[in-house]
Amino acid sequence: MSETKKIPWRTRLHEIIYEADTPAGKLFDVILFIAIILSIILVMLESVNSFDDKYHEFLNISEWVITILFSFEYIARIITVKRPIKYITSFYGIIDLLSTTPKYISLLFGGIHALAALRALRLLRVFRILKLVRYLGASNMLVSALKASRAKISVFLFAVLILAIIFGTLMYLIEGEESGFTSIPTSVYWCIVTLTTVGFGDIAPITPAGQLLATIIMVLGYGIIAVPTGIVSAEYTSQNKNNILRKKNKVALNSQSCAYCLAENHKDGAKYCHQCGHGLHP
Amino acid sequence: MSETKKIPWRTRLHEIIYEADTPAGKLFDVILFIAIILSIILVMLESVNSFDDKYHEFLNISEWVITILFSFEYIARIITVKRPIKYITSFYGIIDLLSTTPKYISLLFGGIHALAALRALRLLRVFRILKLVRYLGASNMLVSALKASRAKISVFLFAVLILAIIFGTLMYLIEGEESGFTSIPTSVYWCIVTLTTVGFGDIAPITPAGQLLATIIMVLGYGIIAVPTGIVSAEYTSQNKNNILRKKNKVALNSQSCAYCLAENHKDGAKYCHQCGHGLHP
Amino acid sequence: MSETKKIPWRTRLHEIIYEADTPAGKLFDVILFIAIILSIILVMLESVNSFDDKYHEFLNISEWVITILFSFEYIARIITVKRPIKYITSFYGIIDLLSTTPKYISLLFGGIHALAALRALRLLRVFRILKLVRYLGASNMLVSALKASRAKISVFLFAVLILAIIFGTLMYLIEGEESGFTSIPTSVYWCIVTLTTVGFGDIAPITPAGQLLATIIMVLGYGIIAVPTGIVSAEYTSQNKNNILRKKNKVALNSQSCAYCLAENHKDGAKYCHQCGHGLHP
Amino acid sequence: MSETKKIPWRTRLHEIIYEADTPAGKLFDVILFIAIILSIILVMLESVNSFDDKYHEFLNISEWVITILFSFEYIARIITVKRPIKYITSFYGIIDLLSTTPKYISLLFGGIHALAALRALRLLRVFRILKLVRYLGASNMLVSALKASRAKISVFLFAVLILAIIFGTLMYLIEGEESGFTSIPTSVYWCIVTLTTVGFGDIAPITPAGQLLATIIMVLGYGIIAVPTGIVSAEYTSQNKNNILRKKNKVALNSQSCAYCLAENHKDGAKYCHQCGHGLHP
């Protein structure tokens, strides 16, 4: 009977950490969400020299608090899951580990600059929480529209790249090094800056011939911007129609997560995991 | 009978100020429209130093004239409405008050710089007048198309923000402070400038690795510009279809405004307010 | 019988100048087209100082040749039309006159700078010729799609303008004069540069608060770029459908032009002008 | 019988070089693809001065290796084709020759700068390989959508050009030479930079009147960006529908290439070339 008591304890923790249907689970997600956002803001503020000089001690302590909090959460996640290896090697398991380690590493090797990037990965953790929330349907549609037009967009991007290399080489030959077109890679970079209508202006043609070619590149870029838009637009419209059809036989999903295989998107009232067949807690 | 005489006076004023079906009401709206536009131009001109130095006295007097005119209008609006509290606490009531006060405040505390913003709020008043006019249908369609795609656009903007933070951090690590990427927030700002294809050029990558990453960011920005366009386009097309269907059972609306609850969009020939049941004047 | 001989002479000239169905009419249009393009290139080259210094004499003579050619054409157009007043006061009549006069005016008053603009108007004459040519259908569709979405685009542009004024005022208050936001009009100008994703970079925010607001403006600009695209896209798609329907009961039009009222777009085989009832020459 | 032995040798080589259905053919295409990409990277690296100074010898040798490899391939292509003249004068035949010659020319005349452009043409060879591969359907759809909207896009680009010339002339008159608007061609160039929302910022208006006109140009550019998008979008949507219809009576194509006339896109199981009637090898 003590066995049955112990299981509810872990099951309850599992419910709190991995799901969002109970009040405690929702509260946990909200706190985690705030902690993630705070940790990102800390990473940003630390990089601002004038701020770091003044509040270095505060930033250091806050970072330790966040790190310890994330460490506890990581351990709790491993404990409550039935198959820890599966969690540790999953995408979110790796992100969780990487989000926790930077401060420990800095303890060993000193404050390495590149650790900031590791810490920025914490942002990816936000997706885990958001996955469970309200915009699910909308983002699914976006993603499936993008997936459907992936091949066409690849062709398009490849064509843009080839255009950029050809025009970049031409601009390099026409403009020369005085205008900033110092090499073909730089010239190709400028060409993409122009084709995408970003136009920094750090490099700009100054010879009449260069300006004429630039004009052609710009009008071309302006023209081809229509292509990906047209593709996604058409793809999205058809997705929209399919979606309406699908809504008719839609089922309600809850935020339960299988304790064995981490599978999600279970039907409301499902008793067994649709991926591994283990029982779900009620 | 003097009672019935008194009511027509307030009712007539109410009709002039709040509605646009009578010639007097239309004239009032036109004058108000011109006054609002003039007051906005005054705010703008005052900020131009060379202009303000020359015509300071003229600007000051004009501002007083506008302020007094708006004050009278505000008082008239309160008087003619049956429930003044409802008007005062409504959105337009607050805008009207804020539009009037800046000059009085400057009298007390001197010409504070920030009052210009308060005065710019007057522009919002234009919407009240325009609400009654011709582009009603068109703008309603726009607004409802935007509303329908709100969730999808939120997902999209959130994704753009996360991309900007991740790429911004990477650019900060790659480029360093020489190129202007002085901190992660600055780097994220640059990243949004680039993703949206604005490209000021005040900050621009100079290292080959930075330019390569910038290229990826730009092409990405170029690619994802298609997404909101596709969303709105699809949403708008379906709105367009619905609109054609709806037009068949369309009713004529007039510009009457209930004197009790300020409700608008009454059907032509309606005798009672569709919101509070009070009688409308004929 | 001499009367009938004289009429064919003017009728034939009318056919050559105003129409494009005969070989002579086509030749005239091609020559005129080349002359117009040449005259535009001359205006451009004259403005390039280094070119004008070297070839001033050549440019001067060429300009005289073009001017005299256009003068003869203008006179011929007046002579061959039955109602010269109607032609002279028509849109193209005025453009034709203005295109001819600059050189004569410069003879009287010397080379005024602003005459270049007058000469650039010649470009508008190209439309007259193109009207008669191949892309007729395509451009008609474009124009009618734009016309149909005119009201919606007006609402949209008005909203953009109001956004620009409100955000421009805020940026002026936040950034101050050090960053180039010297006045509200300048600030509004910057705001439109940013909203439209042009981004010159001559003015750019430097304070963190300013950069944050700029970020919001940019993302907004990025979002609302979808709106006009969606409008035109939807409008154009429906135009496309209507066009296919209309093609079934399409009639062949020729390039004849009524010698009395200048009306065009006559049906193939029409004997009388559909506007004024005068007979058309066969 | 030796005759029948000799033919298979050439036929087999033809299959390897021109087709991609056999393992050897696929391997050849992959090696060629890598060689082309490497040769393009070499051209780029050679233009980077700092890199060229260090690794000049390595670049020189690599270029010779690539050149000799391409030469052998060119000769093999001529040998295996039944009608060499047809191949040599075809588009890809000329590209193949031009891709091979630059190094030989530099041997005769020394390292001419412009040869880099010739070498960049190698990139076009990539299309030959890609033609045979997976994105065939997607790119065909893109190309046919662009072709269908060619006339409309031409009208649009012509209108943009005329707008740019008219506004460019006006900006030249308003701004003058202090702001960088030194001539009408420069001004037109700036106008296209602005209309296409590229916005380099190397030239920017500084007078109030110039900034006002710039605002109009930008909003116009922002508005008309919707036009080509709408066109391609509508065209693409209808292409999409046609494509679905067409898929029902679709046939499987293989990558065989006729040894006589170089025609491709043969049906699976076809025995004779659909262009010249010669037998295809099985």
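Going by the order they are written in, the chains are A, B, C and D; count residues from 1 in each one.
Operating definition for what follows: a residue touches a chain if its C-beta (ideal position, glycine included) is under 8 Å from a C-beta of that chain, and two chains touch if they have at least 3 such contacts.
All figures in this text were calculated on a predicted structure; none of them were measured in a lab.
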{"item": "Copies chain C and chain D touch via same or different residues, half shared test", "value": "different"}
{"item": "Distance-maximising chain from chain A - centres being C-alpha averages", "value": "C"}
{"item": "Copy-to-copy rotation for chain B and chain C - C-alpha atoms, rounded to a multiple of 5°", "value": "90"}
{"item": "Centroid spacing, where centroids are CA-atom means, of chain A and chain B in whole angstrom", "value": "33"}
{"item": "Interchain centroid distance [CA atoms averaged], chain A/chain C, Å", "value": "47"}
{"item": "In chain A, residues with contacts to at least two other chains", "value": "185, 197-201, 225, 229, 231, 233, 237"}
{"item": "Residues of chain D defined as touching chain A within the complex", "value": "40, 43-45, 47-49, 113-114, 116-117, 120-121, 123-124, 126, 130, 134-135, 137-139, 141-142, 145-146, 153, 157, 160, 185-186, 189, 192-193, 195-202, 225, 228-229, 231-233, 235-237, 240"}
{"item": "Of all residues in chain A, those that touch chain C in their complex", "value": "197-201, 229, 233"}
{"item": "Contact footprint of chain B on chain C as seen in their complex", "value": "151-152, 154-156, 158, 162, 165-166, 169-170, 172-173, 182-185, 187-188, 194, 197-201, 204, 208, 211-212, 214-215, 218-219, 221-223, 225-227, 229-231, 233-234, 237-238"}
